[in-house]
Amino acid sequence: MKLIEAIIKPFKLDEVKEALSQLEVQGITVTEVKGFGRQKGHTELYRGAEYVVDFLPKLKLEIVVADDMVERVIETIQNAAKTGRIGDGKIFVLNVSDAIRIRTGEKGDSAL
Amino acid sequence: MKLIEAIIKPFKLDEVKEALSQLEVQGITVTEVKGFGRQKGHTELYRGAEYVVDFLPKLKLEIVVADDMVERVIETIQNAAKTGRIGDGKIFVLNVSDAIRIRTGEKGDSAL
Amino acid sequence: MKLIEAIIKPFKLDEVKEALSQLEVQGITVTEVKGFGRQKGHTELYRGAEYVVDFLPKLKLEIVVADDMVERVIETIQNAAKTGRIGDGKIFVLNVSDAIRIRTGEKGDSAL
Amino acid sequence: MNFRDLAKKSAWIGAALPLFWAADALAGDAAPTLSAGDTAWMLTSSALVLLMTLPGLALFYGGLVRTKNILSVLMQCLISAGVMGLIWIAVGYSLAFSGDGAFIGNLDKMFLNGIGPDTLSGTIPEFVFVIFQGMFAIITPALMLGAFAERMRFGPYVAFISIWLIVVYIPLAHMVWGGGFIAELGAIDFAGGLVVHMSSGFSALVAALYLGARRGYGRSPMPPHSLPLTVIGAALLWVGWFGFNAGSALAADGTAGLAFLTTQTATSAAVVMWALIEKIHRGKPTVLGGATAAVAGLVAITPACASVDVLGSVYVGIGAAVICYFFVTIVKNKLGYDDSLDVFGVHGIGGTWGALAAVLFIAEVPDGMTWGSQIFAQIKSIGITAVYAPLASIIILVVLRMVLGDLRVSDEAEYEGLDLAEHSESAYSTESSGMSASHSGGAA
Amino acid sequence: MNFRDLAKKSAWIGAALPLFWAADALAGDAAPTLSAGDTAWMLTSSALVLLMTLPGLALFYGGLVRTKNILSVLMQCLISAGVMGLIWIAVGYSLAFSGDGAFIGNLDKMFLNGIGPDTLSGTIPEFVFVIFQGMFAIITPALMLGAFAERMRFGPYVAFISIWLIVVYIPLAHMVWGGGFIAELGAIDFAGGLVVHMSSGFSALVAALYLGARRGYGRSPMPPHSLPLTVIGAALLWVGWFGFNAGSALAADGTAGLAFLTTQTATSAAVVMWALIEKIHRGKPTVLGGATAAVAGLVAITPACASVDVLGSVYVGIGAAVICYFFVTIVKNKLGYDDSLDVFGVHGIGGTWGALAAVLFIAEVPDGMTWGSQIFAQIKSIGITAVYAPLASIIILVVLRMVLGDLRVSDEAEYEGLDLAEHSESAYSTESSGMSASHSGGAA
Amino acid sequence: MNFRDLAKKSAWIGAALPLFWAADALAGDAAPTLSAGDTAWMLTSSALVLLMTLPGLALFYGGLVRTKNILSVLMQCLISAGVMGLIWIAVGYSLAFSGDGAFIGNLDKMFLNGIGPDTLSGTIPEFVFVIFQGMFAIITPALMLGAFAERMRFGPYVAFISIWLIVVYIPLAHMVWGGGFIAELGAIDFAGGLVVHMSSGFSALVAALYLGARRGYGRSPMPPHSLPLTVIGAALLWVGWFGFNAGSALAADGTAGLAFLTTQTATSAAVVMWALIEKIHRGKPTVLGGATAAVAGLVAITPACASVDVLGSVYVGIGAAVICYFFVTIVKNKLGYDDSLDVFGVHGIGGTWGALAAVLFIAEVPDGMTWGSQIFAQIKSIGITAVYAPLASIIILVVLRMVLGDLRVSDEAEYEGLDLAEHSESAYSTESSGMSASHSGGAA
């Protein structure tokens, strides 16, 4: 099992979710985050004081899938989230040693 | 050391925290997230337009514990967070290769 | 590649970001979280009812770096985020098996 | 209309200025003519009293509930302005202010029959009097919603306040202000301690008890989701209340000036006193305390604002802070009932205190009364209100329960929140709300 | 000024009270003197009409847009109060209310030339009349911004509303209220169904069409980011509208009382009716529906508030709910245009309905008119407005497009949000905003 | 009371309309009688001035601070309405408006001794004059809190504004409006450029300096946590200010009309000018700029609103934008002091400019004065205020420091936020707040 953590541009959420649904991904957990990266931020003005804002709003998607799904999920996210412009985000893959469904106590792949 | 990531229904936070305290878990980090899964969403209305909301508010708990605690923590969360209805959430277990306490620089299990 | 997850006091964000920039860390993802730990909470009053608030506002930083950077990044965060008072936070290190840059499809260290 | 006794009793000095035209008119003297000045003030006052409900009360209550229930509170206020507004012109005004019955008026002025732009009520157009009183009929039932907030179904709520207006509010308004039975007793209730605050406060209590506590009440905290909204609401209630109290003089004169001034000073005193109590009792004064104190002070001075002098008004405010603080922090917790937003503790208790204080600190006892007889009149009218309003309310609720089924939302709906369950809306939405345009609904 | 015909037509009863001084004055009788009562009400009304724009309309619209665009809405309202305020005193008032032209006035009163503190307009200082009308000139152009919200550049917006004020609003105000051509037709438009709501609603529609839909419209949901703000806005619009409508009597008299009352009852009726429709059509009444209904009811009663009686006003409100609901939920979705916040559906359509209803339910046909001829006058004036306003607007927009370039923000700016792109600000900021003080800007 | 000189000097035309009764009264002619129209306007104005503080100023300032401090700002406004309200009726009114002293009045009217509902002050009940002036006494000290926001302890704040009211505000009010020394100089200060804005602005500056800058000031950004709240606040200030300025005519007449009109036009001009400056200087007009400009324009026109004509008011507004922009963006950053919300830059500087501009652009020099002598009177009175207010303030602060200890919260409290540290409350709470009901507090 892997945890796929994808950081994407917020307005891409719908498309990514749509694409993943077709893969029969059963669950996604989404967090509002702020991202700092190569994409340059902007300047804000408050009564003549100028602030540089380096952190931009992003969404972080966490998806735990069985190992055999990993490649397809990554590819799908990449296609759906891509605009080709800087700041499109990253996908990180982490190993998950166990998963449990709280409702039933099921473990492993069947908990997803 | 393991990172236990639990996605639960928001109103269960208090109970879970209570139960974990009795296990002498020393720390919890909580994030407000939106979850998409088997639990079906609802419909919202805005001036006659109907939207389907698939993402439901959930809380994500992150708890890093020594290996020997893992089983007990999982069990405790599962018991406390369970309502038996769909959408109760998941628990994922990830491996943590190191932990550092910022204040003291302690490392490993003693940093928790 | 490692995922460094640092939980810090919110007002330290600027300093940590500054310090990491000098290390040429290319990206950071920040989440507003609530933390429960040794640092004691406070009491709130609402029309004479007293509530104990155990969860305190923290920021969670996620930084994925190549293995050779890990030590320096940890050290830098620790120095910048440290106040010496309880509640300064933790740093957890997790293994990342892969990274992909959505915009280009680059993989591995070059995706960071 | 029989304002005569009211006029004699409510004014600070023997020769009641504000309503003396009424006496004149009854005595067959020169008919009063339109006063543009009085009309200007009464138009303004009417707008101010609506401001109290929308957005004043809506925000005051809306900030205090949890995020998932704020819209239900706003909607309950909005619909009160809708439904009560219609009932008032259909039958309400007539039943309250037309006819000489001891308990209720008649239907001669249904749909404002016989009233035109040039019909006067005293020195103002009767239309203006109708709408000023109509704004009272809008806010009073809405005051109650705080007691059963976060759990009552919308439909039954609408039914409840509609029937309550007719069965509880209108008779009381007639008895006190329309020349009925309580007016005959000689009780002083200048702007509505009995009619507005006691009636709604005591009724709200029985409704809260009948509906039962919110799930988790007493175990899980239910802190206000937005104190800034609550403070905006309290501030707009404060501003609007000048229309409520000083507007009740029905003229722009010295009585209005007195009522305006005492309203301000009582509220100031309540805010200061509450902060002091909190400082002593809890170590720190709170903002929610300040906002609550302001409302408690305003409630308490309502019946008393034209019968006490400025020093008296300060005592009224101090008393309101002490008594209401004691109720909402000690008594409620002791008794354990779930009056969600303290409607009983603030309006019921504060209104009772105000009705008493109107005479306790009276500046000048009206002709034909002694201080003792006046106090006695107050106690009698307080007793009548404190019995009649809750009794009638519980009967309405029981009947509604039989006709409409559960008055309360299901447990799931309560957990999910009334905004979604009853109105299919969320108060706040962000880009991660994860909505998608549905097929049936189309674009928007 | 030629208020005579207006007066005759707008009052509920034959002998028009509110403006009879105008007739007197023209007839050469005793000059009217200052009425402090009328002046008090008109000062208050002027403040209330500003309250409608700031913060009323700003919040009503601001809550409905997405988080990233709320400041752009607030700024567009603020700047209207700035620029329109200046144009009004420079030339606007004079062009609208000085001179006898059929279509437009003259420049005799540029910069209020010749008016001093003791110049009267009827029974009030002319300064007060100037500012009361000026507040109308501030809100009317701002009403339009809802139609093209979330996509228009700030500079072109300012240019558009400035020219629109002079080319569309002022001629219409002159024609209807300044004694011009539509007044001669005998059309009834007491507080501005034609001049304010139809003119802005129809113009807004063409602007929305000309600018095109928001990116993603119809595919991605664009739910309101804060319904509580929208409800506060609607509530303050409601309260302020009493100044708008009852203030249009220009006196504190029976006509003002009538206008105040009908404004309230029509709005109550619209709120109740809309909730019923939603209940039947969708299963649940919504808060956004309630707020929209309130505005629709207020719009519809605006032209009619002094010509119908209280029962008539209820019909006006019910009709507004039915017709506007149908437009904003069915027709708009069918046709697929992106009138972001339903300016056309509420103001354009609601204003048209109101202008018709002002005579459909008229209490008393003015002297010299029959019901039929009066209806015919309404239809003609509706037709003129419905053609003139959008036609002039599209010409202005096309010319501006040629002179100023794209009226719309870039796609990137639209995605990023107008707050950042056009104003370099974010509405809400938290500790994780990750700002750093820049070198150039220094501290703050 | 000696309004005579004031009247002569503040009115636009020689024969001062608004207060001519005062002259009459002094001349021994027929005693003035109650004017319901004037009273109606003054009651309304009093409510409007409270609206400026609650919720106007509270929100304007509250939106500008960081999330963790908003409640402390709201509470500081609430408590001002409480404590100042009480001090005003106890001794304030009497010291300001009773007696002929050059610097301060007497205590004859302590607790409004001797005033009843039928006591008149000119054409309005004296009670109404008392409360109208009382609302000024509530807002003026609260204006200062913006300068030391986010760091002052609550207790010392209350002590400071209480003493400040008596030592600074009341003497100035007496000197300028109560017939004292500055009135004798002949200075024009119609609605309070000296008494209200300079006094608070200059005092606020020394308080900010004495307390020191916020931790991290100049290094960490401290952006407004909610600009929408700030805009609501600015909008309500704007609306309420009509009561402040036009209400200062103490009548519903031509002077009130003039003051209302110039208030609007100066503010419009300031908003437009500020946006232009920002566009040129920074490339984009901001919403915070718009809101700040509105307040700056309102401040500047306050002393001048009845002495300039409409064109003059436009210059006043333009000047306010230019000068205040320069102060809050350039001078403050250069000098590096931490006047958190720019009380000095807006009220201190804007008030000074307004007091000068009242004569620079004067429409008609009062009898017995030349333009030069009038300018000289202004400069003298500006100088007196600019020296007296800050001097007295610093003495009060030093003494308080000795008596009460640190006036500032601890570093930990400043970091944690004043809401928690001083009031044990959080402004906003969500389900992940992680509260639990404590044993001691019980349910709620």
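As written, the chain order gives the labels A, B, C, D, E and F, with residue 1 at the start of each chain.
Keep this in mind: a residue touches a chain if its C-beta (ideal position, glycine included) is under 8 Å from a C-beta of that chain, and two chains touch if they have at least 3 such contacts.
These numbers come from a predicted model, not from an experiment.
Engineer: Sort out for me whether B-E or B-D is joined by the greater number of C-beta contact pairs.
Structural biologist: Between B-D and B-E, the larger count of C-beta pairs in contact belongs to B-D.
Engineer: Check the residue numbers that subunit A and subunit B use where they touch, and answer same if over half are used by both copies, otherwise different.
Structural biologist: Subunit A vs subunit B: different; shared/all numbers falls short of half.
Engineer: Nearest whole angstrom, what separates the Cα centre of subunit C from the Cα centre of subunit F?
Structural biologist: The answer is 45 Å.
Engineer: If you average the CA atoms of subunit C and of subunit E, how far apart do the two points sit, in angstrom?
Structural biologist: Chain centroid spacing, subunit C to subunit E, equals 51 Å.
Engineer: At which residue positions does subunit E touch at least two other chains?
Structural biologist: Each of 35-38, 40-41, 44, 220-221, 223-224, 232, 252, 282, 284, 286, 288, 333, 423-426, 430-437, 441-444 in subunit E touches at least two other chains.
Engineer: Residues of subunit C that contact two or more other chains, please.
Structural biologist: Residues 11, 14, 17, 30-32, 34, 36, 44-49, 51, 54-55, 94-95 of subunit C touch two or more partner chains.
Engineer: Could you tell me which shape the graph of touching chains takes: line, ring, star, complete or other?
Structural biologist: complete
Engineer: Using the touch definition up top, name the residues of subunit B that touch subunit C in the complex.
Structural biologist: Subunit B reaches subunit C through residues 3, 17, 26-31, 64, 94-103, 105, 111-112.
Engineer: Note which residues of subunit C are touching subunit F in the complex, please.
Structural biologist: 11, 14, 34, 36, 42-55
Engineer: Please give the residue numbers of subunit A that touch subunit F in the complex, ascending.
Structural biologist: Residue positions touching the partner: 44-49, 51.
Engineer: For the complex, give me every residue of subunit D touching subunit B.
Structural biologist: Touching subunit B: residues 216, 220, 415-416, 420, 423-426, 432-438, 440-444 of subunit D.
Engineer: For subunit D, which residues count as touching subunit A in their complex?
Structural biologist: Residue positions touching the partner: 430-432, 434, 436.
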